[in-house]
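Order as written gives the chain letters A, B and C; numbering starts at 1 within each chain.
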Amino acid sequence: MDLTGDIPGPPEAAEAEWDGAAAGEDRNEALYLEIDGWEGPLDLLLDLARRQKVDLRRISILELVDQYLTYIDQAEALRLELAADYLVMAAWLAYLKSALLLPREEQEDPSPEELALRLQLRLQRLGAMREAAARLMGRDRLGRDVFVRGAPEGLRVDRKHLWQCEWFDLIRAYGDVKVRSEPVVHMVRERMVMTLDSAIQRVSSMLGVALDWMDLRDFLPPAHDSWANPQLRKSALASSFVAALELARTGKAQLAQEETFGPLRLKAVKR
Amino acid sequence: MTPEDAASPDDLVRAVEATLFASEQPMSVEQIAAHLGQADVRPALAELQRHYERRGIRLVERGKRWHFETAPDLAHLLRREKEEPRRLSRAATEVLAIVAYHEPVSRAEIEAIRGVQTAKGTLDVLMEAGWVRVAGRREVPGRPVIYATTPDFLAHFGLKSLKELPGIDELRAAGLLDPVDDEMIETALNPGSPAGEHGHDSGVTGPGLYDDRLASSGESS
Amino acid sequence: MTPEDAASPDDLVRAVEATLFASEQPMSVEQIAAHLGQADVRPALAELQRHYERRGIRLVERGKRWHFETAPDLAHLLRREKEEPRRLSRAATEVLAIVAYHEPVSRAEIEAIRGVQTAKGTLDVLMEAGWVRVAGRREVPGRPVIYATTPDFLAHFGLKSLKELPGIDELRAAGLLDPVDDEMIETALNPGSPAGEHGHDSGVTGPGLYDDRLASSGESS
C-alpha cells in the first residue's frame, strides 16, 4: 500500500514530529488520502475527528463513521490496496452505523451507543497521548536546550587496600621460615628386612633336611605374625633368591627353572 | 543578609557544590552523602538550589538525582545547531508518552492505546536512548513484560518526577489514564474476532517501520 | 552592591557563566565573545571570578583561556579513597615476620633468612600497609637500605614492643617449628634453594635491590 507517492497531499503530515490538527487545516479534503501516513485505522479516525474542529468529547460518531467510510470508499475506487485492519474497521463501523440507526428495542448488548462511546474514549485517549508527546518533545531538553557541564573533572574513588594479617599467621610464617632454613639432616628410616646372612642360614639349613626339589617360596618364613608385612616378605624373597644363588655358586645347591618366570626350585647337592 | 553571606557559603555547601560540579553523573542525596562522609546534605542542596535560582546555571533534581545544568532561558545562546538531538519517529514519541503517562505498561497496553501493533524496534530505540527500561513482568496470565521510564528520561525532559508530566493531573481526572480494558478494545475494534487485530501482518502496521516506509514508499508498491 | 545584585547577575554574566559551564574546552575571551554576539565579556568574566572566589567552584584563567574548576582546597573531594580489605600474601607475611624478628634488616638479609628471593613488591606492600618502614642504610659496602617495623605494626598486632614476639623456644613449644610442612620437605629435598642460597654472594640475589647495588657496585667491589 502506497498512497503518499501518488496522491497529492502535504508530506509534512507524516513528519516525525506530529503537529496534530494544525496540519489538517490546509488539506484538500476532497481528495486527500494518506493511508500510509496514518498508523492504522484509529489514527485515521482521530485525524478525521480533529478536522471537525470540535472537542473529541462532543464529536458526532455517526459523522465520523461516514467520513471514514467515504475515505475507504475513495481508496477502493482508486484501486488502492488497503491494509486489512482499515477494512476490518470499516466493516465494524458500518455495522456500528446501522446499529446506531436502528430502533432502540432491537439492540443487543452492549448497545451501539455504548460502543460508540467506547470508540470515542479510545480516540480521546490516543489524542491525549498525541498531545502529551508533542508537549514532552517541546520541553527544554537536556542536550538541546539545557546543558550539563561540558568537562566535569569526574569523581574518582581510589580503591585502597586495607591489608590484613592475623597474629597467628605472622608467628606461623616465622616458624615456617625458621624450619625451612634449619640445616637439613637426611635420615633414612629403618626398615624391616631379612638380611642375606640370615637368608643363607635359613635356606641352607632347610635344604639339608629336604629330600626333593623345593620351590624357593617354600623357604620363606610362614606369612604370619611379624612376617606378615608384605614389604618384609619381598625382602625375604629377594634375600632368599640371592641366598639360593650363593648356595649354588658354592656348590651346595642346584637350581632349576622350567620356564621364564616359572617357579624356581632348589635341591641340595648330595655330597 | 549581607553580600558576604551570599558569597561565603559554609564548607558543606561548598563541598556539595564542588562534588556535583565535578561529577560526570547526576547524584542522589545518598551518593553525595557517601562521598562527603555521610553528612546531611539536604540543607546544603536546598541552599545551593536557592543560590543558583537566578544564575546562568541551575541546580536541579531529576528523579531523586541532582545535577547542575544551564538555565533554560539561555537555550538560544547555547543551542548547537550542528548537533541534532536524537530525532524520534512519531511512533516512538507516542510510545514514550504512553509509557511515561501510564507506567508501568505492557506492550499490549501500548498497542491498545495506539490501535496498532508496536514494532519491537520502537521500544528498543527508547531503551537504547536510556529513557525506557524493562520494569519486570505483570503477574497476569502470559506474564507480559512491563515498561517504565528511567531517571535519564526525567533528566532529559527536565522533570523532577513523573508528577510534573505536562497535563497529567487533568488527564487522570478525565479518566484518560485509566488502565486499558483490553476486552473492551477487542470488542470495540474487532466484533466477532477477538484475535483479529493481533493476527495482522506486523509489516503492515509496524510503527517502527514507519520512517523506512516513508523513505521507500516510491519503490515499495 | 546589594544582595539582590549578587543574586541576580545580568544577562551577559549569566550567558558567560552558562557558556563556560557547558563548554568542553577552556575558552578564550574571543571565543566566548564570538559565542555571545561579540559582546564585551571581560567585565562579566571579572564579575564571575569575583562571585565564585569563595565558592566550591572557581573561575580561572589559564594561558588566556577561561574555565570553571572545583576549588583547590576541595580537590581531595574528587578522589575519595575506598578501603578494601585484603589478606597479606604468604610471602609478605614471612617477610614481615623476618623484619619483626630481625629488625633492622636489609633485603639481602631477608632473602638469606627466607632462602628465596624477595620481590621488591613484597616490601612495597608492607610499606603501603604501614607496617614496615625504611630505617636508613647499613654502613657496609653497598650501603644497603635497612627495614624496620612501625608503631602501626605494633598497634595492628596488639604488641607493646617487639619483645613480646614469642621466642624460638615458645615457637617450638607451640609446634610451629615441627618439620611437618610438605612445602618444607619439598624445599629440603630440593637442593639449591634454601640451604644453597646461604652461601651465595649477595650480589646474585634481589633484582629489586639491584638498582641500588648496581648504582653502588662500582665503589663497593
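Rule of thumb we're sticking to: a residue touches a chain if its C-beta (ideal position, glycine included) is under 8 Å from a C-beta of that chain, and two chains touch if they have at least 3 such contacts.
Given the structure is predicted, the values throughout are model-derived calculations rather than measurements.
Central chain (C-alpha centroid nearest the global protein C-alpha centroid): A. Chain centres were defined as the mean of their Cα atoms; on that basis the chain farthest from chain A turns out to be C. Each chain gets one centre point, the mean of its Cα atoms, and the points for chain A and chain B are 30 Å apart.
With centres taken as mean Cα positions, chain C sits 41 Å from chain A.
A straight line joining the Cα centres of chain B and chain C is 44 Å long.
In chain B, the residues touching two or more other chains are 19, 21-22, 35, 68, 70-71, 78. In chain A, the residues that reach two or more other chains under the touch definition are 147-149, 153-155.
By the touch criterion given at the top, residues 1-3, 5-9, 13-19, 21-22, 35-36, 51, 53-57, 68, 70-71, 74, 77-78, 80 of chain C touch chain B in their complex. Listing the residues of chain A that touch chain C in their complex gives 147-151, 153-165, 167, 169-181, 183-184. In the complex of the two chains, the chain B residues touching chain A come out as 19, 21-24, 35, 67-72, 75, 78-79, 83, 85, 87-91, 93-94, 96-98, 100-101, 113-116, 155-159, 165-167, 171, 174-176, 180, 184-185, 187-191, 193, 196-197, 200-201, 204-205, 207, 210-211, 213-214, 217-218, 220-221. Chain C contributes residues 18, 21-25, 67-70, 77-88, 90, 92-94, 96-98, 100-101, 113-115, 125, 128-129, 131, 156-158, 165-166, 168, 171, 174, 176-179, 181, 183-184, 187-188, 194-195, 198 to its touches with chain A in the complex. The touching residues of chain A, when paired with chain B in their complex, are 1-2, 4-5, 14-18, 36-37, 39-43, 83-85, 88-89, 92, 95, 110, 115, 118-119, 121-122, 124-126, 128-137, 139-149, 152-155.
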